[in-house]
Amino acid sequence: MRCSPNPVALFTPTASAVYRGVVIGAVVAVGAALCAPMIYIRTGYASGEGDPVEQPIEFDHRHHVRDDGIDCVYCHSTVETEAYAGIPSTERCMGCHGQVWPDSPETAPLRASWETHTPIRWKRINALPDYVYFHHGVHVQAGVACASCHGDVRNMARVSKAHDLSMKFCLDCHRSTQDSRAITHLTTCTTCHR
Amino acid sequence: MSEKLRDLHDDVFGRMRARGGRQWRIAFGVCGLFTLLLVGSLSWTIYKGIGVWGTNMPAAWAFAIINFVWWIGIGHAGTFISAILYLLEQNSWRNPISRLTETMTIFAVVQAGLFPIFHLGRPWFAYWLFPYPDIMGVWPNVKSALPWDAAAVSTYFTVSVLFWFTGLLPDLASLRDHAPTRRQRILYGLLAMGWRGDARSWRHYKVTYLMLASIAAPLVISVHSVVSSDFAIGLTPGWHTTLQPPYFVAGAIFSGFAMVIVLAIPVRFFYRLEHVITDRVLENCAKLMLITGCIVAYGYMMEHFGAYYTGDADERSLMFGFHPTSIAFWMMISCNVLAPQVLWLRRARRSKVVLLIVSLLVLLGMWLERYVIVVQGLLRDQLPSAWGNYMPTIVDLGILAGTLGFFGLLFLAFLRFMPFIPVSELKEEAVLE
Amino acid sequence: MKGDLHSLVPRVEVTRRAALKLLATGVAALETGCFERPGDREIVPYVQEPPELRPGVTTRYTGVLSLDGFGYGVIVDTHDGRPTKLDGNPAHPATLGGSLPWLQARILDLYDPQRSREPTMLGQPASWAAIAAQLRALPRGPLWIVMPPQTSPTIAALLARIAARHDLRVVTHAPLARTAVYRGHELVYGRPLEQQLDLARADVVVALDADLLGTGPMAAAWSRAFASRRKPEGGPRSMNRLWVAEPMQTPTGTLADERLPIAAGEIAALATLIAAEVGVALPASLGQTAQARLGERAASWARHVAADLVAHRGASAIIAGDRQPPVVHALARMIDHALGNPVVMTTPAVLDPLPTHGLDELASAANPGAVLVLDCDPLYTAPHLHLAGVLARSTFSLHAGLYANATTAACRGHIPLAHDLETWTDPRALDGTLAIGQPTIRPRFEVASIIDVLAELAGVTLDARTLVHDQLRGQAALDVFDTAWTTALRTGVVAGSAFRAETITPTWRSPATDALAALLAPPPANTVEVALAPSPALHDGRFAPNAWLQELPHPITKQTWGNAALMSRATASALGVSNEDLVRVRGPVGEAVLPALIVEGADDHAVTIELGHGQHGPAIAAGIGTDVYGLGDAMILRATVSKAGGTRVVPRTQIYMAEHGREIAPLVTLAAYQRDPKLAAHLRGDQASLLPQGGDRFKGVQWGMTIDTSICSGCSACMVACQAENNVPTVGPEDVAKGRAMHWIRIDRYIEEERVVNEPMLCQHCENAPCEYVCPVNATDHSPDGLNEQVYNRCVGTRFCANNCPYKVRRFNWFAYEHEDSRSLQYNPDVTVRSRGVMEKCTYCVQRIRGAEHRAIVDHRAIQPGEVVTACQAACPTGAIQFGMLDEHDTAFATMRASRRRFEALHDLGTRPRTQYLVKVTNPKEGA
Amino acid sequence: MRTGIAAEFADEATLLAAIHRVRDHGLTRLETYGPVPSEAIDLALGKERSSLSVAAGIGGLCGAAGAYALQWFLVAYLYPIDLGGRPPHMPLPYLIITIEMGFLFGAIAVFVAFLVACRLVRLWDPINDVPGFESATRDHFWLAIDGDDPALDRLGDALDDAARVAPFGGAA
């Protein structure tokens, strides 16, 4: 004999399946929501790695460093001694470009800056938060190559960020110079935070 | 026998289903307003900074931490009753109020949980207290008592919820099958997750319930011991003592039972449940309140004895000197030590009015105790040059009142929509008799 | 160093300021670990690199600040062209490298958004050029110039040239001018002279109502000299003895070996008695009157002083306070003479020590002609003269000031005055030493200096630089002079410009006798003495707009933001008032209502009230405290004081000043210390501990600080220095009253009966720091070189560390206190500006430590002892604060660290603090 | 799809009797439903006590071990920051979170195991279609015999004193 389905039955088999799906799905979703930002922050997109920024002047490091063989320090003159590497003044650029390419369109903004005595406003590529104090001089003195943070600038048409420059990035390098993970003058907080 | 079950079922569910009507709506509305006050006060705090509170140097902790400890303490009786009394097979007077008190626990912990977050200078970084893989390579410091707190409180909350929900399943199933309207039956059905009362489920249910009970029982003790270490690991006079954990736990259960009585008396009155939540139940609660009260009194005694015995100058002057907080101290003594003494009298334990008054006094007294513990030591630290005063602001009071309202709001909602008497457990008892 | 900075436009500042802004607004995104995207910020290099300026590198220049005419040589730290910090110039006789609170705080005025920003004429915006034209075109005729005392030769020359064109009347007006001193010296020397003290040579110092270490043009230098004689470890003559008689305790009083609380009006009698005792030839009657007037205690005190002076003939100093009447100063010199003390008298540095014209003259002038009020506020400081009237009668009136004040409103024109760091000046120090003040920043708006104004009046078209330069050059040939000029700018002083000592002896004349007799006459009955005093922070009120100084706790009362009627416990109970109860003071001219404040060690017959408060503006000064200039036109008044009813909150940073049986600030007498040199042994050294101690935890350079409480006068210069160096915010009176002051270093004051100890309290950098292990997020931890580190960007603000710090030196940002206006230009770019909700505290100036380390690395060398100087250490005029490496030798720090007086505060807690103290030793006279 | 026969009983006693008869007839695939747990029924069905406690034990131990290991790894190994001279590896403070996590994971484990073992999170079961089955959560007891029970044909009169007998889950 056939059994008639219960007229007052609350749930159908489908409803049951859907419900189970929803419950399990909810649990998974919560987990995913927690992980998502941790993954995002590690992506180059978050840190802006490798996206070249348009500069007021189409300055190409390849010509100056690779082709003309100009040393980094010639322009970034305080990099070996001071906290700031030093961005060359218009005067310094004009030192060469007064004769070299004196009337090429690329260097027009440079000449304008020189004539109107208004500074060139470059876009900053590698920025650290203000509560981080970085001293170029000591790093260069310690034999850290420019490229280990700034990447292979000599082959960049437009400079782009080479590393995320996160605290972890700094710490990894600072730790690599010592054999243990113990706290030293290189890994204590006030090394960078004051 | 099945008549007995049927009568029990229809009677209790029937009374619980009884709509609160106007009184309920008014109470709910009032609590709603206070909840808005809470939201407002907290938003203002976030917007301006916790300078809008009365906290200062030296009293860098005050209302927020006091309220936190007070609410956590209240959260203790619930699990104590439902877990420890369950293990001690006190079901005859435990069952009728176990659901009420578990619920009270959960909602109290919700209130408590607000404070550790909102008292932070930068609450939006509260998650730094948890070990998540950040890109800074820095981790929480597990030698501090605050991560212990975070672990203890969240564990206690989770376990309490699981315990509570497991217990709810059979009753939710009953409502699924017997609630008046189809809509309700579907909703309760979703919550019941398909509980059918088959023998297999019952077998697993009994063991699971026992397991959760035996996990929750030590938690009751551990949570407030951990909370007390927020103070015990400190150098501050009046904080730095091994007495703290037992003293805190006793105080917590003390205030918890006070809150249970404060809630149970009106509930059984409005829902006409005197024959379920019997006088005997209340009396037993009163007795436990009396006992824990005595332990707390002993704690006060030992605190002072310790100060005297160690001869530590700071401790002594703190315990025996006169301070801005001394009034609070003596109020606390009269509420926590003197007031409960009337409960030695059977007639007092039987009188709802007396019980209510004593319980309210105890709740006040236990809040004052936390006030004295937190503020007094800070105001009278080792260096007299740094001694100061503390005065709460309107925002402080708003937040305290607000949490009371929010607690009431949740509790009233629970009474309205959930089986606040564990009928299936009552049935089980009935069958066993 | 090259002087002229005008070619240097600090362009990098653009990015710096943007950076500070960005941080100040506390961009949470940055801190959560999100990144700045490339291109979010700009780099703006120079067009032409200035020769002497490197981005991010501190450049130092010499400069001079003036106060009431006297010069105070300073070293100016500039970051990217912005002056950010001042310190005393070691080469300058007035500071010798030390500081005073106001000196440190002047840097804030430079960027104060409250400064008046544009010249006005008749209420309308005007230009300096227009006003200058009017000045040049002033009709010949009466011309009044009201200004503080001046010492500048350039100004002198200009005044001379003006006098040739106009009927010039210069009114030298400063409420705290030292006229009484010059009059006193005139009494006995026949002409006004200045005394040049050498406290280093004095075995006995007697201060009669004189706060010689706290206020006055030589306070910093004298403190240093005095401290050089407070070394208990040295030989027999290593420790001098300080006798202080004063109505209210002063920083000097806290260091006294023998102190007598006495009304300022009684000082004359006291001096007379001392003089008589040491054998000054005075009419006998005077001695008896003095005797009669003094109480027994005072009389015997005077005899003890005299005995001590006689015992140290030729090696003592007697100093009377500036506010004492002339004849007291005359007596002091007579005593010196009688004792054969080597007194050095010189011509005064101020141009007219005995003002030829008084304000009252001006006030009563029927048709005054033109009136110029330069750099002062007579309407506020001399209200009883009602100068508004005469200014209204004048044909032309101009006010030049840093701020718009009460006088500005009464004048037709106003020109913003140049800050000392914005212009060229050449003031003299008290001893006559010339210093050339050079501008270290281009003014942010149109300003004029006093020299500029006078030059216009004199019809001179040269700029201030040329005037000062030529004045100093005199007839010298340019090429010769150039090196001299450069040296003067580099060293900050003009070599050999100090005055020569006069050979002259004092003689007591009858006018002196009459003056003294008048003084010794009994005071009017049923009045009490009200002694007006300079505010240690606000001076005569000219610094009232400075938030740092307003919030600087008073060295004695610890009051901030305002003044009070300071009285002894006895006086208070006689009046039936207690702290913060309002009292009404009725002076000879006007009355004032202000809160009472009980001060231990105050005299029972005198109420002291400090000047400089209760102004009507600018903004932050408005309505703070009570103006008492209106009480009468003398510093020592007879008045009636009564309970007014009502109370007013007195925001104080320290309320409890007793030790309550704890051994926190020990004090011993020299004799006791010599008997038992080990008396501090139980307050230092290791404590039993369950934790592993020592081990290899601390490797390499270890930093520590030692503070000698014997020579800390509590002057509080260190507090302001710290504020300037570390971007420490001010919070305002309400929050101070709540206990939310932010100072990283404070001066705890403990006083019981006669024993006073000033104990600077800052982060102790405990090796076993209680604050560290309670932080849930590792925001405070320990560095291998022994610093207790605070990481603002990691702090979530649980404040557990503050609770657990037994020294209560941690400070919390209850609100967003950071500046976003022009004051942010003063921020030290090497120190993070803290945003809301984070904890902060003394870092031992870690930015200076790391900076020195970086320099050492770049130069391939080790850090040298004394290379790192903390801001508080640099500012301390007595050298009480010494900082250094624990393994140093033969340095001031090493010597102090080795002292047997060394102790650790709250030693019993086993925190092993790196900041340690030296027990205070006093040198009382046996039997006194 | 599961099928079978459901029988309703007024009280536990009659149910127990029925169970015994049914089992005497050699039927084994039985399940009962009722408003209260009953050891008597378990006994009659010949079921052992649940062993979910094992889950709690395992979960707890894993939680505790994991917590301690994590604390050591983060605080003592990855970045051993110097905090007031406390040694990086300090068992006493570590223990507190260890214990708490033990409890937490024990509880979660046993609860999840409970859901799985009871086949919960399942709103519908063929037996729900049996009219009047709701009484199982109120006052009555039900006995369900699985349709694929080999001895189903030998059922006979075993269910005679049932208040009601109905097939469920389609054909029987």
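Some notes on this structure:
Lettered A, B, C and D in written order, each chain numbered from 1.
The rule is simple: a contact is a pair of C-beta atoms (placed from the backbone, for glycine too) under 8 Å apart; a residue touches a chain by one contact, two chains touch by 3 or more.
None of the values given here were measured: they were computed from a predicted structure.
Across the two interfaces under comparison, A-D and A-B, the one joined by more C-beta contacts turns out to be A-D. Taking each chain's centre as the mean of its C-alpha atoms, subunit A lies 54 Å from subunit D. Annotation: 49 Å between the Cα-based centres of subunit A and subunit B. Separating the centre of subunit B from that of subunit D, both taken as means of CA atoms, is a distance of 31 Å. Inter-chain spacing, taken between the CA centroids of subunit C and subunit D, is 80 Å.
In subunit B, the positions touching at least two other chains are 134-141, 143, 147, 176, 189-190, 193-194. Touching two or more other chains at once are residues 78-79, 81-83, 86, 121-124, 128 of subunit D. Within subunit C, contacts with two or more other chains are made by residues 31, 33, 770, 773, 775, 778, 781-784, 794.
If touching chains are joined by edges, the resulting network of the protein chains shown connects every chain directly with every other.
Partner subunit C is touched in their complex by these residues of subunit A: 41, 46-48, 51, 53, 78, 80-84, 86-92, 113-114, 117-127, 129-131, 133, 135, 137-138, 141-142, 160-161, 164-167, 183-185, 188-191, 193-194. Residue ranges on subunit C touching subunit A, taken from their complex, read 11, 15, 19-20, 22-23, 30-31, 33-49, 54-57, 700, 781-785, 787, 789, 791-794, 830-833, 843, 846-847, 850, 853-854, 857-858, 860. Here subunit B touches subunit A in the complex through residues 132-138, 176, 182, 185-186, 189-190, 193-194, going by the rule given at the top. Subunit C makes touch with subunit D in their complex at residues 691-693, 697, 766-773, 775, 778, 781-784. Within the complex formed with subunit A, the residues of subunit D that make contact are 77-82, 121-124, 128-131, 133, 166-172.
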